[in-house]
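Across the two complexes that follow, subunit A remains constant while its partner is subunit B and subsequently subunit C.
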Partner chain A sequence: MTIASARDRRVSTGIGQRSEALAAYAFIAIPMLLFLVLNIGSILYALFISVFQWNIRSGAGAFIGIANYQNVFKDPIFIRAIQNSVYYAIVWVPLTMAVGLFLAVLVNQKLRGRTFFRAAFYFPAIASSAAVTVLWIFLAQPDGLFNGIRGALGLNPIFQLFGFAPNQNWIGDSHTALNSVILLNAWTTSGTFMLFYLASLQTIPGEVYEAAAIDGAGSWQMFWRITFPLLKPGHYFVATVAVIGALQLFDQARIAGGTTGDPANALMSVVLYLYNLAFFKFDFDRAAAVGLILFAIILTLTLIQRRLFGSAPSW
Partner chain B sequence: MRRSVLALGASIVMIAGACTSGSTPAPSTGGTTSAAPGGSAEASGASAAPSADLSAITGTAKLSGWQSSDAENKALQDTVTAFQAAYPNVKVDYKVITGDYPTVMATNFASKNVPDLFYVDASFGQPWADQGFLEPLDDYFTKYGFDTSAFFPGYLAPFKGSDGKTYGLPKDGNTIGMAYNTAEVQTAPTSLADLVTAATALKGKDGLKAPICLNPGLDRGLAFIYAQGGSIVSDDGKTNQVDTPQTKAAVQWYLDLFKNGIGMTASDMGDDWCGTSLGKKHAAIAFEGGWLDPAMSSTYPNVKYAWGQIPTGSSGSPVTISYTAAYSIGADSKDKDQAWVLLQFLAGKDGMTKWTAGGVALPSRTDVPTPTGKDVLVAQAQFAKPGSGFMKGYGDVQKAFQDAFTKEIQDKTYNADSVIAATKTAVDAALAS
Partner chain C sequence: MTGTDRSPMPGGATPGGTVAGVTTLRSGDALAGAAPVVRRVGDTGAHWRRRIAYAVMIAYGILMFVPFAWSVITSFKTQADSVNLSVIPQPVTTEGWTYLFERLDPSLLRLFANSFGIALTVTLSNLVLASLAGYAFARLRFPGREALFLIVLATLMIPDQLRLVPVYLLLNLIGLTRGPLEYLGVVLVMAVMGTNVFLMRQYFLSIPRDIEEAARIDGAGFFTTFWRVMLPLATPALSAVAILQFQGTWNAFFWPLVLLERQYFTIPIALTFFRTEFQTNWPPLMAMVVLATIPILILYVFFQRYFVEGIAASGVKG
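Let's turn to the complex of A and B:
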């Protein structure tokens, strides 16, 4: 190789890298532009709206600084919405992750008909959430199927120990409404989490299990010592998506509890509160403040999760 | 992952961003713009000498609203056809707004792309007027000699803005009456004491989950508060009147209906609303409006029931509450005069006669014939007070009452004090705003 040919190759390689880079920038330019305008732009616009008195028809009025943020925290219904959303996240996220992981491990076995089971477990996730919620309301009403079955099975005395009447109105009672929606969403979303975990499970090399088997590890030990720790990237991804989804609870609460989060604010979520402020009270500036507060909460929780679970998955 | 987090977080804020995509137009100027002055009187709804000729106005009026049934659509189409025959120079472009009506309208207001004439529920009358979304109609009344005195006062009141101007004309109305299963209740109770006596006699009867189906809120409870001399605010809307002995006694009386097993919510009966409870014979008495009739005839045709007035309480006067919706002209409408031509017909005597003849609505005017079988509900309009839209922030007041009331029922404590306290706080906040 002569000095001249080596220089030519470097030059041609440099040109190739530049053109590749240009092509890459061209490919990401449009989505990045959309991201900047629609996402980052919306955040900045919401921030702008939140510090003014805002009328959707006439635009910005007087500058009011952080008054909207202060007023929101003085509203007991907003505090209740935060409490509900946090409770929902604390109960729903681990429950749904556990069910999703259980289903994923189940359908990851070499079972007959596992494709059918994968599809069956995932099916509630692709059904319309409105339709599923309405179905759930019918199942959970006082003379609905759930109360009928527990009565037929003779389980009412057990339920009565916990204070539940034979004709318990699960969604209409403020003491049980949110837990009913948690169960509903655990059922509908666990299929999606199953898929996420299934993808993670299949990245674990089979040799690890073979080595463990040679060392005499049982299936229970394999799960806790191999599968569960090696699913750490999967846990991080699922937990992050789950917490974000939990804090964005809206459609099921809206359908089951109406716009006012009935009964007695039991189904008032932060997003439903925001929606009411914007579209029923036309208080768009305060709604923007609520949106930004929610954004801050989600971002903080995600950063905490990142610290807990370590670095992000490599994919 | 960082980008994912940012994108997902940003998408939440986009909810707020999307909700607030406003612009900065000049405020509405109000009034009319292009109608030719002078001319003949309008037949419908006009009593004073008009000063402008509606027949000189030509063009298209875009009409929009919600639609709850095919029967309602047919009744409106028939009414529009009658309008086209009377006013051939103004074409009507009617579009139903599907989905969540206030949400869709909010986006229309933000984009200044509003129908010329549209429905406004009484609960939105004042807020939409105060936000500048609606055109004041007073100049039209003067210009075209339109007389509003034919409307039942309770139906017109919710569409008065804070500035005293009128922002809508009630397209129809409904009062809350007492529907009772005639197989269970032979004679309509005329007093609250009679109501309790009749309901107590029905307790435990086969099939009945409770004698009366009740809503745990002011949407029905307000009628009983009024019946016992109580109130939420003073007539001028400026003074909190929740914490009075009469109001407290009325709320306690209403709670006691639940406590004594006389009343139960539809939800606790496993029904979606009290019409279903009446139809399924879970309850013998329900307090509803004219919307009950089509539901009963279509779903429960074998259940015989009759209408009675809301029983009289300690106030000694007949009283109930009413609900209505109006036709309003958009402040950003591009064809306001055409919209007015259509509005004065639809809310006038002839248009409303045609509309209510369709059997889906009751008249909001005193000079329109009462549809068959609706005598009680229409007669109550003479003394009915608005069930919504009579004060600013009433939605928050209703919510505070209902949340506290529901808690008292579900905790089985049945104490009016907490309901009164929560409602009083909400009324104070609403009045302060």
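Let's turn to the complex of A and C:
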């Protein structure tokens, strides 16, 4: 074909190759500069800052090696922040994945109006996190809608069993604050996970189900024996995204708990801790160290997950 | 996700997705096909299953809807009435709304202008830079291509918060943390997102080569081929990038919070103004929630397809 030979000719001439490469570098110059400076450069710079005494006013000070890392781990509030973030991840990730998968299977059926329901379930995910959080705080306050509705429905005795007062202050009480934020984020993000799972469900060929139906499998069996295992790459993808997101909890904690993660540090997340160090205590060195610790945790978990689930075929 | 500026698309954080991912952008309703419902003859259970499915969907739909509806209702209440559970405000008042228009510092208009300005600039810059880079990575051959693309993918793994201190110091160094130049600082940090480069690259890979080869033979240069031939073909991907990036930037909380001074604040940050230690002024705050949500709602109603398929595109490879 003429086209193929034309391409071959271009490849074989050094000048064509060189001009193509030059054009390519021009195309990627600005984006790559930004990526290299603001991302890769940032990590290296953070590494550098974290081994010095570094304060916003004094700038770079003495080299102190890993002292910043050691100091951070000696701070009980940092330990609390780690505990909170880990607890958040352990509860929020499976919960939101389960709800997302449930919704995906639900709206994947051939039902009238499913496009509408998909759109509705996804909407909280695209609304502003700040707006959704203040809305949630409003609903969860002692005389808010949530307590009002459960009272009206006569559910208070059940809540009483678990030790919740009729006017429970869900976000203001250190025992329920983090769980309330977990529910809030499950509510918003399950829609995103629904879409991820929907895309993954589409990759399962219909014949698999037809064969199973002929063998007399019920829909419950079909889900657990066929759908769930075949979604493995989907699980892996969603879990990875979810864990990375969970460890970066910030907006909701900052808005509901202020800069100190109130009440009683119940909402102090690792990122909120970092933010506090940098912008209220001006300890840039320790803040950089916390950022690197967080990055190391995320990287490790991602690799473990990859090991656990096996790598997806397209990776 | 929870802490990122680009909440709907953390999924872009995936090295090397398949082309299939982005081709879904082109089909009208990519998600509609192949629903795994196998109907058996004489199955009365299916009838009930359907009813239960509807009941669950409607119940969950209400759960999605009620909080937003409640914010609209509350915005027309008085502060004293805001803690009552009446569906109809008693009395109906626009005090909350007038508070927004008259008492905010910076003014509501300024907040909106800040938000729109930043969101539009960031969206435009992502469209230009991500399509340029995406095209080069998809179609042009050059030394170091694989390694550089790996760097783009690696940026998706780096938490924003790790970058906080270095980026702040860097912007401070070049004078972008003072005065109106703070806008530029925020824009620079979000000027090109790895997810968008990834999305554009995947889309360009799905376009048949013959089309651009023909243009090249006609003597078009690399940029002309890109600009006149390939870019118009990539409209669906550009739309997805534009809409998702606008939404992500409009909602962005972290970078605007840390890089901007009060007069340059955006709408999401203004939402933190209303709470004091002792009292929260609920009706204006709820009015603000409504205002912060409306632009996104409008975008969603008109371009829902791009939201859904853009997300699906980043997720399908899994």
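Points worth noting:
Please note the rule applied: the second predicted complex is superposed on the first by the 273 of 315 C-alpha atoms of A that agree within 3 Å, B and C clash if a C-alpha of one lies under 4 Å from a C-alpha of the other, contacts with A are read in each partner's own complex, and residues count from 1 in each chain.
Keep in mind that, in the parts below, contacts are C-beta pairs under 8 Å (C-beta built on N, C-alpha and C of every residue); 3 or more make two chains touch, one makes a residue touch a chain.
Quick caveat: nothing in here was measured; it's all calculated off a predicted structure.
Shared-chain residue A:205: touches subunit C; no touch with subunit B.
Taking subunit A as the reference, the larger set of touched residues comes from C, when subunit B and subunit C are compared. Of the two partner chains, subunit B is the only one touched by A:280; subunit C is not. Contacts of A:175 after superposition on the shared chain: subunit B is touched, whereas subunit C is not. By the document's definition of touching, both partners, subunit B and subunit C, reach A:49.
In the superposition on chain A, no contact is made by A:98 with either subunit B or subunit C. Judged by the touch definition given at the top, the superposed model places A:40 against both subunit B and subunit C. When the two structures are aligned on the shared chain, A:90 is found in touch with neither subunit B nor subunit C.
In the superposition on chain A, contact of A:265 is made with subunit B only, not with subunit C.
Contacts of A:306 after superposition: subunit B is touched, whereas subunit C is not reached. Residues 35, 38-43, 45-46, 49, 141, 143-144, 240, 244, 247-248, 271, 274-275, 278-279, 284, 287-288, 291-292, 294-295, 298-299, 302, 312 of subunit A lie in contact with subunit B in one complex and with subunit C in the other. For subunit A in complex with subunit C, the touching residues are 2-3, 6-7, 10-11, 17, 19-21, 23-25, 27-28, 30-32, 34-43, 45-46, 49, 103, 106-111, 113-115, 117-132, 134-139, 141, 143-145, 148-149, 152, 185, 187, 189, 192, 195-206, 209-210, 212-213, 219, 222, 227, 233-234, 236-238, 240-242, 244-252, 254-255, 271, 274-275, 278-279, 284, 287-288, 291-292, 294-295, 298-299, 302, 312, 314-315.
Within the complex formed with subunit A, the residues of subunit C that make contact are 1-4, 7-8, 10-11, 13-18, 21, 24, 29-38, 40, 49-50, 53-54, 56-57, 60-61, 63-68, 70-71, 74, 83, 85, 129-130, 132-133, 135-137, 140-143, 145, 148, 151-152, 154-155, 157-170, 188-189, 191-192, 194, 197, 210, 213-214, 216-217, 221-223, 226, 247, 250-251, 253-254, 257-258, 267-269, 271-272, 274-275, 280, 282, 285-286, 288-289, 292-293, 296-297, 300, 304, 307-308, 311-313, 315-318. Interface of subunit B with subunit A (complex): residues 1-2, 4-27, 100, 102-103, 106, 109-110, 112, 127, 131-133, 265, 267-270, 331-332, 395, 399, 402-404, 406-407, 410. Contacts from subunit A toward subunit B in the complex involve residues 35, 38-43, 45-46, 49-50, 54-60, 77, 141-144, 167, 169, 172-175, 240, 244, 247-248, 260, 262-265, 271, 274-275, 278-282, 284-285, 287-288, 290-292, 294-295, 298-299, 302-303, 306, 312-313.
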